[in-house]
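The following pair of complexes shares a single chain, subunit A, combined with subunit B in the former and subunit C in the latter.
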Partner chain A sequence: MALWITYEMTFYYVILLRLFTNARLLLRCAAMTETDCCVLDEEDFRRCCRLLLQRSEQLRDGWSWEVVQGSDEGYLRKTALRSVPDPQTSTCSSRPKQSKEEPDCASSLVPDSGRGELDEEDDGSCIVSEGSSVVLQYEYHILYSSSYSTPVLYFRAFTLEGRSLTLEEVWSFVHPNFRLCLQNSPLNALSQQEHPLLGQPFFYLHPCRTEEFMKLVLTAAEDKHRPMNYVLLWLSLVGPAVGLDVPLEYCIEPQPSDPE
Partner chain B sequence: MADDKDVLRDVWFGRIPTCFTLNPDEATEREAEPYYLLLPRVSYLPLVTDKVKKHFLKVMKAEDVEMWFEYEGTPLKWHYPVGVLFDLHASNTVLPWSITVHFKSFPDQDLLHCPSNSVVEAHFMSSIKEADALKHKSQVINDMQKKDHKQLWMGLQNDKFDQFWAMNRKLMEYSTEEGGFRYIPFRIYQTSSDRPFIQKLFRPVSPEGSAHTLGDLLNEMYPDALTRDGEKKRYQVLIHGIEPLLETPLQWLSEHLSHPDNFLHICVVPAPTD
Partner chain C sequence: MASDSTEASSSTSDLKLQFAPFSSSLEAGFWHQLTQKKLSDYRLDESPKCIKGYYYNGDPDSLPTRLTLEFSAFDADGPTPARCCPAPGTLYNTNTLDAFKATDKKALLEKEAKEIWDAIQSGAALKKPSILSKFILLTFADLKKYHFYYWFCFPALCFPEGIKIIRPPVNLENVFSAVQIAALQEAYDGLCIKRRTTVAPYFIMKYTEDTVDLALLEDWETFFTDTKKVTVGVYDPCTLSQHPGWPLRNLLVLLAKQWGSKLDLVEVLCFRDRTLQGSRSIHHSLIFQIKLPELSSNSVCPKSVGWEKNPKGAMGPRMVNLSECMDPKRLAESSVDLNLKLMRWRLVPSLELEKVVNTKCLLLGAGTLGCNVARTLMGWGVRHITFVDNAKISYSNPVRQPLYEFEDCLGGGKSKATAAVDRLTKIFPGVNAQGYNMSIPMPGHPVDFSQATLSQAQKDVQQLEKLISDHDVVFLLMDTRESRWLPTVIAASKRKLVMNAALGFDTFVVMRHGLKKPMSQIISTEMDSSPTCSSASSSSSTPAGSGTHVPGSSLFSNIPGHKLGCYFCNDVVAPGDSTRDRTLDQQCTVSRPGLAMIAGALAVELMISILQHSEGGYAVASSSDDRMNEPPTSLGLVPHQIRGFLSRFDNVLPASLAFDKCTACSPIVLDHYEKEGFIFLSKVFNSSHSFLEDLTGLTLLHQETQAAEVNHTPTHTDTNKPKMDNTIY
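And then the complex of A and B:
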């Protein structure tokens, strides 16, 4: 039990550290809104998305709002090209063998023995020979989960020839540092799931612990009376695991000439 | 609750007679005989089709490849319970249910991959967790131990009613003063649009304190499914193959007619014209 707590706390510490080092400005973003507490209702989600879209338009960052035909629901969507080490030539370690019987979040909080060692050895770099990278097309969707009152990141990935990536391939392109986090942390496992609005297979990051880790981050920010955008903050924490970085420009005040 | 235990049994032991036929385009060494099975409504296709796979692989040239199923041109989503697939796509047709078996050309755009039963387990537990997030803010499922989770899964996998319900009844508890769950975990399926299902927040009790019914839910989520006065009936509302009265309290339905994943799966299908 003690181990469980220590490990989880370490993870939170890492998250908080990231928050305060690279996202200090994020909290001051002009396009931010007050969140009363740590629960995100659907209306807040929409408002956060609208603000994110406004900034994305200014930055030409490619986010759009997609409406589902015949309903009032929708989601944020963005596509991006991502260059990853060619698995044929790279010696980047692939996904650690799954020893868990239950590959979702329930069992993912207890670290396997020896994980600590692995972490120390792993400096997160892949040894890649010259010019050996492949370009992949990623499509990201941000949806609202009313069950968990959180945003959820869905995505799919294709080769430039249009072939869909398998779950194994997607795991292999998750940065090694994140891979351990995803398998052992409250951020939770990556798996294939039906897109709840489109009915097609997507990959997603399980949301069942999102509220928990967001609570820590949000409380910390709230203590300092900083306004914030829940969706943007959340995205800056979970996105990088699957190649979706939130540019720092999102946190810099727009020019005075920009519309309020 | 005790009086209604028979309902839980009837739901659990619901079966659909099914005939599996190999897709004629598959390369075989000799002709494949059809294979007949009684499929449990509350289970998932990958859990109950080992024998089907063995049967057809005997005549196949191919080695162990991913099997998938299709009914009249529609790939069958293994992550929906068997009974939901039948009600949604094949209700009002002649039995046995005729399913086509494929080993080639896996439809990546339509179906999730299912390389092993642990994927089914993860999906099943994830649904139970989501349902408990709705019912009890995840408190019951988080208070359970790993072996309790295992008991739910093993109960389903091995078709053990008592084993499953000994644990599942905890997920069905609620305080009498609240009069029901926080929200009812439900999904309404239909085939008339690409959208796979409707799932939103809905409370079992109205702000005035009266019990919400199945009719109230449909009125809010999918009013087209209801027949108005003087109108010809256009849709059937099916749960486990039956049409429950629209006056049935939703809380009772959630406790008794939910699938083992703790969701109430409701299918809205066109009424037979005959």
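And then the complex of A and C:
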């Protein structure tokens, strides 16, 4: 632990804070690779993903392995819904350009029929729900980056209408704590890039520091002779910044064969 | 949820059951697929199509009750995501917005409601209860704008007086023991396995203190022996603690129609099954009791409701604008921008791309240099590019001028200015390119042959003045030196940044012209300090006096942008005499072929670096010496000139002062141009080069120089020519 503190790493300080709180549980990760060093090769990546998938199936966490048509390449995929508070600012900002005409446009479609034709007052059996939050659909992909020898988290987000969010909007939905820490990065760690396998624009967390900080975590774990799932451990550290939570149950072995 | 409170607090005696309606939820893939279907399959066919949505009973609290349509919605018999409940739907896609508006929504709803009602009456809904959650989707896809208009309807048959609650909803764990809950979960999973699915949308249920027994609706008659009180289960997508979701509504109508008279009390289990933090729970399922109202014994379809409200809470359609993610042109634009942003994100965080992208560039000349400059500008995301050229494309051009092809040479050749625009638009539709097929009047090339030629010249000058006014940066890329004179004068007068590129056989010069101070500042400068500009340049033209000045090296370093020279400042001969004074650019056609690409690219890159400097064109000129110093911009140096020598594969970065006798940018020339306009210009066009030389005092200088050459030592003759003297290497 002391080792981690002395290391100057402002960029990941929030993540490290989280690490301290979770360290005990994370160190118990039991499903797991036997890597001696901290470099993740593609084969390790695949093995980690398989183990993660198995556990996800047990935990109903929604991960699946997607294969790119006509190749043996693939990635982990999960979708999740996030209800984001602060509707006024977020709905406004979530329609930066087209907001002006759109609502009017759509409602002006039925100038006459709006009232008359569809005077569909229910018999009081329909509750009126207050739209006090915005719901967003997030799609997360985990890919292997051979240039960085690390996993990379790609994601994109849509409104319930099916419109993709801009980078600015995605930023606005990053938790303020993480926003600060990501912004302090010299590389503006959250950015946009074409998905290497799909060729569509995605957001991603830049992997340039991943190996560096994973080394610390893994070394600490290795000192205690704990086998670790690199991908799972990494995901539990970077995911929360963009709303992707990894249940701690992943790290608790379902069978009673816990080495503890 | 807050909306529950009113109901929870009022008395239960006359409480009516209320349902949470579906909210439509569309994934981007749905719109992509609808577009594909419309283009390649439906075309003008407006007939209803079978589609499929799904809902889920495992959401965390606070999420709305959704019906989701994704990419796979058009595969009505295809798989549904695990543990999600499929809902069949009917798509009505209209060909026009008018048809979308004019569609009789009430009739559409009644038609679908009637189908549900028929299935209820016939009992078909017992065998295939998914019809109870049938939906309608009315769409119009504007594929020119990528605007999608849509309106969902979730038809629900109504009991005229509502449904009376006997025992209000509570969480299952308040009624069931842990043993019963475990038994229920096991029985539900068993039912699913038996059906070979992962969900059971509706089921019937019997339980004791430690057992739970489930069956499908179709087994009702054998399952229930006593119908005083029955329990029905519904896969419930709602997360509200006091309300069931929409799928229950039509089920209750089904029960009332089939068994209404026999049922005293109906107990409803809203089955909710979620996994949070890896642990599965059905404890939060709702359970409540109701008294079903009698449905009139006739077979008239009850009133129905179900059109979804729009985000404003009004009865109306929705519209989503997907041009950003679907329009190929917009996609190309955003990809180009993305590529540039990556440069900023990864390598040059302080890069101000907006300054680059919004710069309007005027390219005078659409030949080898013009083509290469345009391509490099496009690479930088510059959107506004205008060409001026009067030439036609000849057979020798395409191999060196990358915007033209062989075809463009046929039939006498297309005009370069317009062909270049066409090609830019093909390369990148997001570009705002324009072409002007016009000549630029030149000194020593008379325009006074006739009234017609004179007025044409006047028109050309006006056009050029307007073009220069309307742009931010002027590129001089012509193949004659004389044609650069007029735009140099106009741009200097209008304080526009000029980028100049000229080629020799294996040498080139790329430079920015000095940017004169704004008019308002010139007056004040002249007031408080003696004319430093002219003293510096006059010292260079009269080197005899250099002893009184600081050493040459410091004189020529740190020259601010407004004191830098133009293309003509280094010349002691006015433009217009093309036989005696052959310059670099006149040999352009015999340049080494790579030279135009190098020089064209450098001209753009120099402009980009200047734009990144906080002072823009006024930035102090960097010299070769500055290569070791802290660069003035995020992209590095902002030299005055780049002179390249291909034979040595070497570039140097000279800087030179504005020459007070310059035939293009000296105060006297600008003054005459600004005061007399075309009258002055036409004198320049119509006269020999001596006119400008007389005006600027070059003639006098020549005479002095000749006198000096006679009277002084030979070493002085080298430094006499301003061309060499005020240029440092």
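The criterion applied here is as follows: the second predicted complex is superposed on the first by the 185 of 260 C-alpha atoms of A that agree within 3 Å, B and C clash if a C-alpha of one lies under 4 Å from a C-alpha of the other, contacts with A are read in each partner's own complex, and residues count from 1 in each chain.
As a working rule, contacts are C-beta pairs under 8 Å (C-beta built on N, C-alpha and C of every residue); 3 or more make two chains touch, one makes a residue touch a chain.
Fair warning: this is a prediction, and the values are worked out from it, not measured in the lab.
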First, second, both or neither for A:Ser146, with subunit B first and subunit C second: first
Which superposed partner A:Trp171 touches (first subunit B, second subunit C, both, neither): neither
Touched partner set for A:Gln137, first subunit B, second subunit C, both or neither: second
Partner chain in contact with A:Trp234 - subunit B first, subunit C second, else both or neither: neither
First (subunit B), second (subunit C), both or neither touched by A:Gly70: first
A:Phe213 touches, of subunit B and subunit C: first, second, both or neither? neither
Touched partner set for A:Ser191, first subunit B, second subunit C, both or neither: both
Touching partner for A:Tyr154 - first (subunit B), second (subunit C), both, neither: neither
Between subunit B and subunit C, more extensive residue contact with subunit A: C
First, second, both or neither for A:Phe203, with subunit B first and subunit C second: neither
Set intersection of subunit A contacts, subunit C complex versus subunit B complex: 102-103, 105-107, 164, 166, 191-194, 201, 206
Residues on subunit B engaged by subunit A in the complex (per definition of touch): 77, 79, 108-113, 118-119, 121-123, 125-126, 129-130, 133-134, 138, 146, 149, 185, 193-197, 199-201
Subunit A residues touching subunit B - in the complex, by the definition given at the top: 68-71, 101-107, 146-148, 164, 166-167, 189, 191-194, 196-201, 206, 208
Residue ranges of subunit C in contact with subunit A within the complex: 1-3, 16-21, 23-31, 58-59, 62-64, 66, 83, 97, 100-101, 104-106, 148-149, 156, 158-163, 240, 243, 249, 275-280, 303, 305-307, 310-322, 324-325, 334-335, 338, 341-342, 345-346, 349
Residues of subunit A that touch subunit C when the two form their complex: 58-61, 81, 83, 98, 102-103, 105-107, 109-110, 113-115, 117-120, 122-133, 135, 137, 158-164, 166, 186-188, 191-194, 201, 206, 247-250
